[in-house]
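Here it is, the structure, as structure tokens.
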Amino acid sequence: MSALSYLDAGRLALQQEMRRDPLVWALGEDLGRGGVFGQYKGLVEEFGPERILDTPISEAAIMGTAVGAALVGTRPVVEMRFSDFALCAVDELVNQAAKARYMFGGQGRVPLVVRQPSGMWRSSAAQHSQSLEAWYAHIPGLVVVTPATPADNFGLLKAAIRCDDPVVYMEHKDLWGISGEVDESAPPLPLGKARLVRRGEDVTVVTWSGMLRAVEAAADLIKGDASVEIVDLRTLYPWDRDTVLSSAKRTGRLLIVHEAVETGGFGAEIAASAGEALFGELKAPVRRLGAPRIPIPYAPPLEDICRVNPAQIAAAVRGLLR
Amino acid sequence: MSALSYLDAGRLALQQEMRRDPLVWALGEDLGRGGVFGQYKGLVEEFGPERILDTPISEAAIMGTAVGAALVGTRPVVEMRFSDFALCAVDELVNQAAKARYMFGGQGRVPLVVRQPSGMWRSSAAQHSQSLEAWYAHIPGLVVVTPATPADNFGLLKAAIRCDDPVVYMEHKDLWGISGEVDESAPPLPLGKARLVRRGEDVTVVTWSGMLRAVEAAADLIKGDASVEIVDLRTLYPWDRDTVLSSAKRTGRLLIVHEAVETGGFGAEIAASAGEALFGELKAPVRRLGAPRIPIPYAPPLEDICRVNPAQIAAAVRGLLR
Amino acid sequence: MAGPVRANFDAERMLDHFRMMNRIRAFEEAAEAALKAGEVKGAIHLSIGQEAIATGVCANLQRDDLIASNHRGHGHTIAKGASPAAMMAELFGRATGTCQGKGGSMHIADFTIGMLGANGVVGAGILIAVGAAQGVKLRRERRVVACFFGDGAINRGPFLEGLNWAKIYTLPVLFVCEDNGFAATTRTSSLTAGGGPDARAASLGIPATIVDGNDVAAVDDAARELTQRIRAGGGPQFLLARTYRLKGHTAADVAAYRSAEEVAARQQDEPLRRCAEALTLNGVREDRLAGIVEAAQQEMAAAADAARAAPWPDRALAWADVQDIGAPVEAVR
Amino acid sequence: MAGPVRANFDAERMLDHFRMMNRIRAFEEAAEAALKAGEVKGAIHLSIGQEAIATGVCANLQRDDLIASNHRGHGHTIAKGASPAAMMAELFGRATGTCQGKGGSMHIADFTIGMLGANGVVGAGILIAVGAAQGVKLRRERRVVACFFGDGAINRGPFLEGLNWAKIYTLPVLFVCEDNGFAATTRTSSLTAGGGPDARAASLGIPATIVDGNDVAAVDDAARELTQRIRAGGGPQFLLARTYRLKGHTAADVAAYRSAEEVAARQQDEPLRRCAEALTLNGVREDRLAGIVEAAQQEMAAAADAARAAPWPDRALAWADVQDIGAPVEAVR
């Protein structure tokens, strides 16, 4: 056990997996200098430039060549720098990586991880701030992972790298600096399992990635009036239906909170599923809290409008209890 | 009034808009030979090769240059050939077209239409069959239109071309050949308004695009046992909340049917919204019917598994009535 | 057309080429007939007239070498050694197909002979081939990856990104551009600026070798030279093969955008005929050639019969090979 | 460095260049200071050392000509005629910014002077510029569109697709590649195969003119020639300007990946100094130059003060200009 940042936990996970399996390698822009956020610092020194590959600004090729390299049995870790730039490589991820195994009748496998640093981060504006996890959860063949803590970034990245199918791995840029206890010898975490962050009796709040901190803060704000159960989904696809539904069934109330745009966000899938499965068993309607459907503006006071905050979450919880 | 095919209705709409406004033009592969499905037949003869532009196989440029041409005040109609190929131009549509007006503080407008022929069509397999409308509905700045009939393809395409914001216009490939009455002098249809296809008392079924026919067939199948109200959403964003919710409130039961993968499909948004707005007012849980989360296989018997059929819809309706 | 009698003429190798080209031709003619008969449902793109390129290139590949193809991939796949029977079954959508009927013509693959897949997206195979070559290099293997694409694909970004990539990392890729003059229904000349595929390749540090793509011996010779360079560690090489697509873009395309005269003229130049002329000119007996043609047609007729008789894929296959974690289960609706 | 005394030396034009380059330099130094002071929140990319390119190119553009830029666009925008005060306010995220504070440094635009936007996506501006040129042509207007991008952008697909497009449709685009040797923290030489930007442009039918991008007179002369060709209907032209990025990739990057000596050496060669040398060599008095520098610094200090004092955008602005139909309304939470 030691205190690690979310960023260092991810780096350690990659380092351990690269030591464990010589077929694991990483590719992306500026990785030789540690990557744009420092997630790869020191790795080229240990593993050399062939396994920590500096690439041109060629997102389509970064993603597309990784598919080919995966089909011949290597395990690429693809660095997209910002999830927004992954939009330059969607054919390669969605038409190729996600479908190859199936289209070829199981002949090939695509064991790659595409890291897509996501979310809002100090006035990065509309092209450097998006949260598009709902897109990938909609695509057959993809696994979607959204770690919220250093320990999870360690355990989930290891699991993603060992997964034999393509994994969209969305680290949140605003979490790089947060620190937490990480067991450096812990095994990979199971993909598809949510984490019960806090037990509670009155309301279940399901969240993931950067929003977990806001939900915890909101729960503290209203400790007196409401006992909130917090579930961190961790993996969006496959999502942990059992944990979410059994919790919601017990508390009788469900709120889903995510940073992504609310309209068409993954919260809708959870709400729709819960509404159907728990029809007649809930004390209040299933609520969602997400960003308004507007591009993310630059100016801090406007950007804050896109960021669901603890006060809004607390109000929503109160609303469910009313 | 005359009987037109869905394909010809779209072509007529474009022709009328190009006659009406010299700044309307179309670009895409093979348009000079009528386009891959014949949607542009005869137009180059009338409007010339500059306004019916044959392009290289450069989807990123087809979409990206249209953004620039729209910013200087022309009105491009972008032909993507298959919606699947639009995945080669996602940065241009989502990071540029959808956000330019907003990022620039309203200085520029992007009045373009991107036609994305969508859906399953005689064994076209995983890379030529997708329905990704849910993706675009999630993106601020985009309007999403999914016509289901010849009359709608006429009226909605005209409206899309006159819209001053980027419109993702998804025609269904399996509908090209269907014929219906079209008033060739009708004005554009309002975007964002659903169509009440059939009045009914027991269950509201909301659908769009290619699935409308299956829903109508299902309603016929169970005419005796159930009176089904059918709503064709027509526009996915903005979607016609009032029509859907008031109908569901009246019938007390709501089923959403779409061809897209059910997980994370736009049906989830509608179900989540209805579940919240009509909590306690429905007689049955809101149900969704969509494709399983698998890439679309080639072999007809397997492809059929991805295609929601009238029998399944009828069974779902019966289930709601049970 | 056939060129002079050659001193170093290798009749046996040329006969192998003739046999392979006829098998590809016969396969596609059988597939076309099945499509017209409504037995093959999905679109198919015929390489009739272009067989010499697949044949000449793959004659220089070993079994464990790799290829990535495009939408017009039947010839590449047969030439690399796939079973036409399994391929035909795939076109018919049967369980015995190379992909269990889940892929169809545009997604034919046979990993057992190093065929990494046709592709429904123009240009996408380029990046897959380059990446496969990078994987091969990382694994310290000595395999060559051949990548087939058309003259229309050079206008897509992946062409630039993939060639630049292969060159800076010195990857073992043979880029094969099949220049048949068309992108679907449009002449590529009108859509392609500058000097074309060879000029672009050269500007990316990969000088092109240009061959008459309808002369199978010329393709064979060029591919031998280029694959040898690659095996010697010379990095990516580029072969530009000029040819002509005798059929429509898809089997459904009547190609009204070009004259019957144009097509008739190019028929004179088609690779099977030229190969036959060269063989007879060099003393191979007509009846021997006729026997090869006959055998090829019989093989593919049998392949079609077998496909016709083969079972449809089991429903359960639809749910298989999606993904290990979170694979959907058949919903009971 | 400064080159000889020139007979045809146009002192007034050179002084205009000197003034413009100093205004760009002063703007970015003020912006950098504001960022370090925590007043500017988003990342900014400084073009310090590259001012001659924006200045020399835009000196040949008229007000109704257009430009599209990239992430390093302050210089292009000022040189095209935008108000530095409004630009500075944009960096501060204020309502008085060019984009009402909604865009920030990477999305600065000023349509009133034909600046169609910086861009956060490398290479994206190329397609927007080419499309704007196509729109201009469709409208039968005579405007030129200049497109600024870096040497790293030539490895993205849009470079190929955009140049091919501009050439086949003979569009009025001036492509300006600012080759500063780096793509973020990586030297582009290690990532770029073949002959580089000029070789690629030539292969796409657009031969490049290569200039010393730190010699503003040379850039001016080359841009004059190229824009004249475009206005004469000559179609797209390509200018490759060699320069050096004196600061880090972003204002936060200390650029530890290169030596202090390397940077010091390049400092000798930076465009403002060279322009000043040329002017003095040609008889312009030192104090006149000092006055220009002084004025530029005062202008930008005032711009920063105004930005500091300017109001934040009203909350309602967040909901404006999303889209006409289906625009979200502020949710009451």
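For reference, chains read A, B, C and D in written order, and residue numbers begin at 1 within each chain.
Quick note on the criterion: contacts are C-beta pairs under 8 Å (C-beta built on N, C-alpha and C of every residue); 3 or more make two chains touch, one makes a residue touch a chain.
Keep in mind that this is a model prediction, so the values were computed, not measured.
Listed by label, the chains touching chain B and chain C alike are A, D. Comparing the centres of all chains, each the average of its CA atoms, the largest separation from chain A belongs to C. Interface comparison, A-C versus A-D: the higher number of contacting C-beta pairs is recorded for A-C. Between chain C and chain D the centroid-to-centroid distance comes to 46 Å (mean Cα coordinates, whole Å). Distance between chain A and chain C, defined via averaged C-alpha coordinates, is recorded as 40 Å. Measuring from the averaged C-alpha position of chain A to that of chain B gives a distance of 30 Å. The distance from the centre of chain A to the centre of chain D, with each centre set as the mean of the Cα atoms, comes to 36 Å. Within chain A, contacts with two or more other chains are made by residues 55-56, 58, 60, 84-85, 88, 91, 95, 102-103, 125-127, 140-141, 237, 293-295, 297.
Residue positions of chain D with contacts to 2 or more other chains are 97, 99, 101-103, 107, 119-121, 155-158, 161, 164, 168, 190-192, 317, 322, 328. A complete topology is adopted by the chain contact network, contact being made between every pair of chains. Contact residues on chain B toward chain D in their complex (touch as defined above): 23, 25, 50-51, 53, 55-56, 58, 60-61, 63-74, 91-92, 95-96, 100-108, 140-143, 163-165, 191-192, 237-238. Within the complex formed with chain D, the residues of chain C that make contact are 155-161, 163-164, 167-168, 190-195, 199-200, 202-206.
Touching chain B in their complex are the following residues of chain A: 84-85, 87-88, 90-91, 94-95, 98-99, 102-103, 125-127, 132, 134-135, 137-141, 237, 260-261, 263-269, 271-273, 275-277, 279-280, 282, 284-288, 293-295, 297.
Chain contact summary for the complex, chain C toward chain B: residues 41-43, 90, 93-94, 97, 99, 101-104, 106-107, 119-123, 152-153, 155-157, 183-186, 190-192, 257, 312-313, 315, 317-319, 322, 328, 330-331, 333. Taken together, the chain A residues at the contact with chain D in this complex read 29-30, 32-33, 36, 54-60, 84-85, 88, 122-128, 289, 292-295, 297-302, 305-306, 312, 315-316.
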